[in-house]
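Quick one: the structure is below, and I'll ask about it shortly.
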Amino acid sequence: MKGSIGSILMKVFLVLVIGFFTIPIISLIVYLLREGGINIGERFIQSLMVSLKSTGITVLINITLGIPIAYYLSRNEFKGKRAISMILNIPILCPPSVSGIILLLAFGRQGVVGKLLNGFGVSIPFTFIAVIMAQCFVSLPLFIQIGKEAFDKVDVEIERSALLLGMSPIKVFLKVTIPMALFGLLKATIMSWGRAFAEFGATIIFAGNLGGKTQTLPLAIYSAMEGDFNEALSMALIMIIVAVTVLIVISLLGRKSWD
Amino acid sequence: MKGSIGSILMKVFLVLVIGFFTIPIISLIVYLLREGGINIGERFIQSLMVSLKSTGITVLINITLGIPIAYYLSRNEFKGKRAISMILNIPILCPPSVSGIILLLAFGRQGVVGKLLNGFGVSIPFTFIAVIMAQCFVSLPLFIQIGKEAFDKVDVEIERSALLLGMSPIKVFLKVTIPMALFGLLKATIMSWGRAFAEFGATIIFAGNLGGKTQTLPLAIYSAMEGDFNEALSMALIMIIVAVTVLIVISLLGRKSWD
Amino acid sequence: MLNVKFEQEYENINLNINVKIDSMRCALVGPSGAGKTSIFDVISGLKIPPRGKVILGKDILFSSQEKVNIPVHKRRVGYVRQNSYLIPHISVEDNIRMGLNIDSKDFEDILTRLKIKDILKKRPGELSGGELRRVDIARMLVIKPRLFLIDEGLSSLDENLRACVFKCILDKCSKWNTGMMIITHNPLYIKGHVDSVIKIEQGKIIQG
Amino acid sequence: MLNVKFEQEYENINLNINVKIDSMRCALVGPSGAGKTSIFDVISGLKIPPRGKVILGKDILFSSQEKVNIPVHKRRVGYVRQNSYLIPHISVEDNIRMGLNIDSKDFEDILTRLKIKDILKKRPGELSGGELRRVDIARMLVIKPRLFLIDEGLSSLDENLRACVFKCILDKCSKWNTGMMIITHNPLYIKGHVDSVIKIEQGKIIQG
Amino acid sequence: GKKETKENQVIIYAAASMTESLSDAVEEINEKYPDIEICVSFNSSSKLRLQIEQGADVDIYISASKSQYNKLKEKIQIEKDKEFLSNEIVIAANNRNAIEKWNDIQGNYKVLKAEDQVPAGEYAIRLLENLDAIEKGFSDKVLRNVVSEEINVKQVVNKLYLGEGDVGFIYNTDLTEKVKDKLYKLKVPEAMKVKSNYYICLLKKQDESSKIYNELISDDIQKIFCKYGFSSPKNSQE
């Protein structure tokens, strides 16, 4: 990889790929500058709030459920493990709209579980809770899969040696494992948050598109496209900027807690 | 994690999560059984072929570009690395429809790069190439991020020791690093393939929707939803089955090459 | 004082250990692959054999029959393993303080005698082999164990340092009334410092 | 025959090495943290010092001034490091065969004398400390190196085995006309087997 | 301090093509009934119908086509309904090509239409068939040049606007001020024109729902819709 041909090829690859991913964003900025600049309204703020609130909760759920499960899957061998790993891959393989439909079939008023809930007077679809469920459905598997990689990276012998010092397993987990897996877990958090933040297809079908309630930013962009293309693109650009800002903040937080 | 309370909590978590992900799929099967069974037509076969062909090429591109880049990012520190890692996160944070639009703004007939290409008589949108570009845009970053984790997992000292044996860096990479990172790379392949296979929003906007040419399976399912709901759900179920089958085959292939 | 009994089969060797140790300071010797490390692993709880029993003082640490298995972190066995497994992202000092269970006078004394004061701020990845080993010994010593195991812990130290470190270990162990066992291939320097020598060969105790 | 010169500063020590070795068999001794491993790392190319020069025979392996740096895999230096870094997912035999560069007679001879024939099918993770070390020695020996470095490679072996392994290394090195350098804290067993002893302290050569 | 007063909430599911106009109308109605909270969810008529069938809690549904409205009627009891607005399918062109007459579009242009199941696609086919009667083979020639069957009509508009497509079939209401600088419609013979109809359905009997329903079909509000290019259904012939 360090031979001169190899390293030149490598640079070509990198430039190609980076170009492929940056040119579209530059194009977006160029287009907006040319067509009269940024133009957003109340809808943007409203849906941004819905997005930040829902993805915040989703990420908390992902961390709470995802970290123990990822750790468990990383450290234990048991029968049924492959099946679990398959099941966790399915939501990643489903087109989001299909995810939305099957969530509706399961938790909708007519759904297998939904009917039961309905008996207790609970109706999930088209509520804020549905937004969170749709986001968890698509992002939790991502968190678990990447989180598991992060835990796999931590040498078990280091954990075992820490036990010798008299630290309880919980303490070892919190003080040794988590810090060593931190960068990986951070990546899992960021990527699953991004997946939730960008989620569109499952949300619009399972949670609907009610302004201020279930209309997340991607849905608002979709709605804006119906009327004002420029507004939609402006929202898209600001959405990307917000997302990148959140990214940077998360990485800085992670960096701090690392030291 | 092995105390009895901990392990009970863990089991509860697992059951909850597995339930959350399986109930929707079971609901889908129940619904289809109740409403007259599976019902698919020519559109399914046609779009499945488009999907398998395009995702196959996408995965090849991901592997070819992704493995060297992931390895490079894993083993080298250089300024600009954080920027690259940021850029690679952006497509993950973009709602797919936004990805589609910015691809159009960049590579469309009127786009920043597209105009140039148009001068040579090349027009990308509405072609099979556009399908692949859309898929790469959303799946390559995923491959690189997970692939990097996989390479991070490999102890650099083992690589360095292999160099001492007189193996060239390329040989060390192929015979030591790749096999040690294999499971992680497999996961990267599977997840990026899944992401490409399930891709909808970017494809429909950048590549359009023409049966037999640019209509992938998720697009066909979406189209069917407008008309025949049962057909749409049947396609969704078979899509999931095909996807899981491919998953299993990939993991088995990986397992073989591991030994 | 210590009673270890266990069986375990591997492809190339069957371990069949049954040993009773009454002395406070004991050496374990034998050829490579005889099963020395395995005994320490079983005592410390890192290895759980299919059949076996470990009794330390009056406490049953492990018994496959009675289904007892005191978890590793409750055994208070200080165990310097053949390899070091320090926590890489924190400093040497933080590594040592992780299980700290003694007063600061003893702590300072150990740091001084093990000559690790200069490297307290470094990360484990920046240490030489012998430095790593001394840090490992220090962090296992400061937990004030009821039993202290060293697996070839001193062979990577030069003669002067080895004597100094060994003396420090012996002093602390007698002060705390802690039993000590050492695996070594170098019987010279332990002579006179241990009360008994256990010899093991091919997975079996042949003298001890 | 071998000329090593380099400078490197660390927080706790400055290494300033300048040594010329003419003997074919040489021992490197000195207290823990003196810089022994660093010298081997520089010779083998694992460590690239900011300033320095390494000449082996007539070849410049490294020179910061002339911007020469022969990559590790082209130096043909066999280097048994303080820790083992075997490839975990393949068998011991496959590990050893990875850099195989000698005929099968020599190969068989090494396996026999290092007593690793019984464990060829095992994975590195299933080996004892001494077994691991012998495998490591074997895999570095079978590349038929032009220079063979051992960093405390023999201290984890019992006396009999140590003598046997050392003899095997010496035999092969003389047969191939390979230079040998060994780091040890146990000057007894090398006595009579090496032509010169280099002493290092605090990052400086003090005798050699 | 959340406005979670459920009784005073009216939920409308409306065809996506009404996004701009209905938002305007709702604002107007809100001034009259400040104590009623009106929430609107926009999506394609068929997705909305599906959601209502699956149990969405909806007061009013507005469909962009008769077929979706009919399908819903089979499954769910509707309190009141009305044929409510009318729209027209038109041939739009981007002004980067100088296309003048409707029969110019058989040339080598990139044609966009909504897919057949979507109302706009269905109407486009009907328009082509009508025109085929004037010029034999016209329909086939145009359909051969279709580069994409978009999932909704707005995608057609956006891609025409960006210049990725040359010609497309869209609604009259889609030719808003915002796109008029780049898009224009081609004249077709009056007799061949294809109209589409919007249906509004009241799904709940409650007071508030009825109030809003009545407001939406009132003449005052109709005027707002007309401003956006809709017309009253009276002068349409389905």
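Which chain is which? They are A, B, C, D and E, in the order written, and residues in each are numbered from 1.
Note that a contact is a pair of C-beta atoms (placed from the backbone, for glycine too) under 8 Å apart; a residue touches a chain by one contact, two chains touch by 3 or more.
Source: prediction; values computed, not measured.
Student: Would you mind naming the chains that touch chain D and likewise touch chain E?
Tutor: B
Student: Quickly list, by label, the chains bordering both chain C and chain E.
Tutor: Intersection of chain C and chain E contact lists gives A.
Student: Among all chains, whose Cα centre is located farthest from the one for chain C?
Tutor: Greatest centre separation from chain C goes to chain E.
Student: CA centre of chain A versus CA centre of chain C: separation in Å?
Tutor: 46
Student: Using mean CA coordinates as chain centres, what's the gap between chain B and chain C in Å?
Tutor: Taking the average C-alpha coordinate of chain B and of chain C, the gap between them is 49 Å.
Student: Roughly how far is chain A from chain B, going centre to centre by Cα mean, in whole Å?
Tutor: Chain centres of chain A and chain B, defined by C-alpha means, are spaced 15 Å apart.
Student: Residues touching two or more other chains, restricted to chain D: which are they?
Tutor: 71, 83
Student: Which residues does chain E have that touch at least 2 chains other than itself?
Tutor: Each of 47, 50 in chain E touches at least two other chains.
Student: Could you check chain B for residues that touch two or more other chains and list them?
Tutor: Those would be 2, 105, 169, 222, 225.
Student: Could you list each pair of chains that touch, in label order?
Tutor: Between chains, contact exists in these pairs: A-B, A-C, A-E, B-D, B-E, C-D.
Student: In the complex, go through chain D and note every residue touching chain B.
Tutor: Residues 44, 46, 71-74, 76-79, 81, 83, 85-90, 98-99, 101, 139-140, 143 of chain D touch chain B in their complex.
Student: How about chain A: which of its residues touch chain B in the complex?
Tutor: Spelled out, the residues of chain A in touch with chain B are 1-3, 6, 9-10, 13-14, 16-18, 20-28, 30-31, 65, 68-69, 71-72, 75, 84, 86-99, 101-103, 105-107, 111-113, 136-137, 140-142, 144-146, 149-150, 152-153, 169-170, 173, 184, 187, 190-191, 194-195, 197-201, 217-218, 221-222, 225, 232-233, 236, 239-240, 243-244, 247-248.
Student: Which residues of chain D touch chain C in the complex?
Tutor: Touch list, chain D to chain C: 10-12, 29-33, 36-37, 82-83, 118-119, 121-122, 126, 128-131, 133-134, 151-152, 155-162, 185-186.
Student: Name, in rising order, each residue of chain A that touches chain C in their complex.
Tutor: Going through chain A, the ones touching chain C are 155, 157-158, 160-169, 172, 175-176, 179-180, 258.
Student: Please output the residues of chain E touching chain A within their complex, sorted ascending.
Tutor: 11, 13, 16-17, 19-20, 39-43, 47, 50-51, 53-57, 154, 158, 161, 176, 178-179
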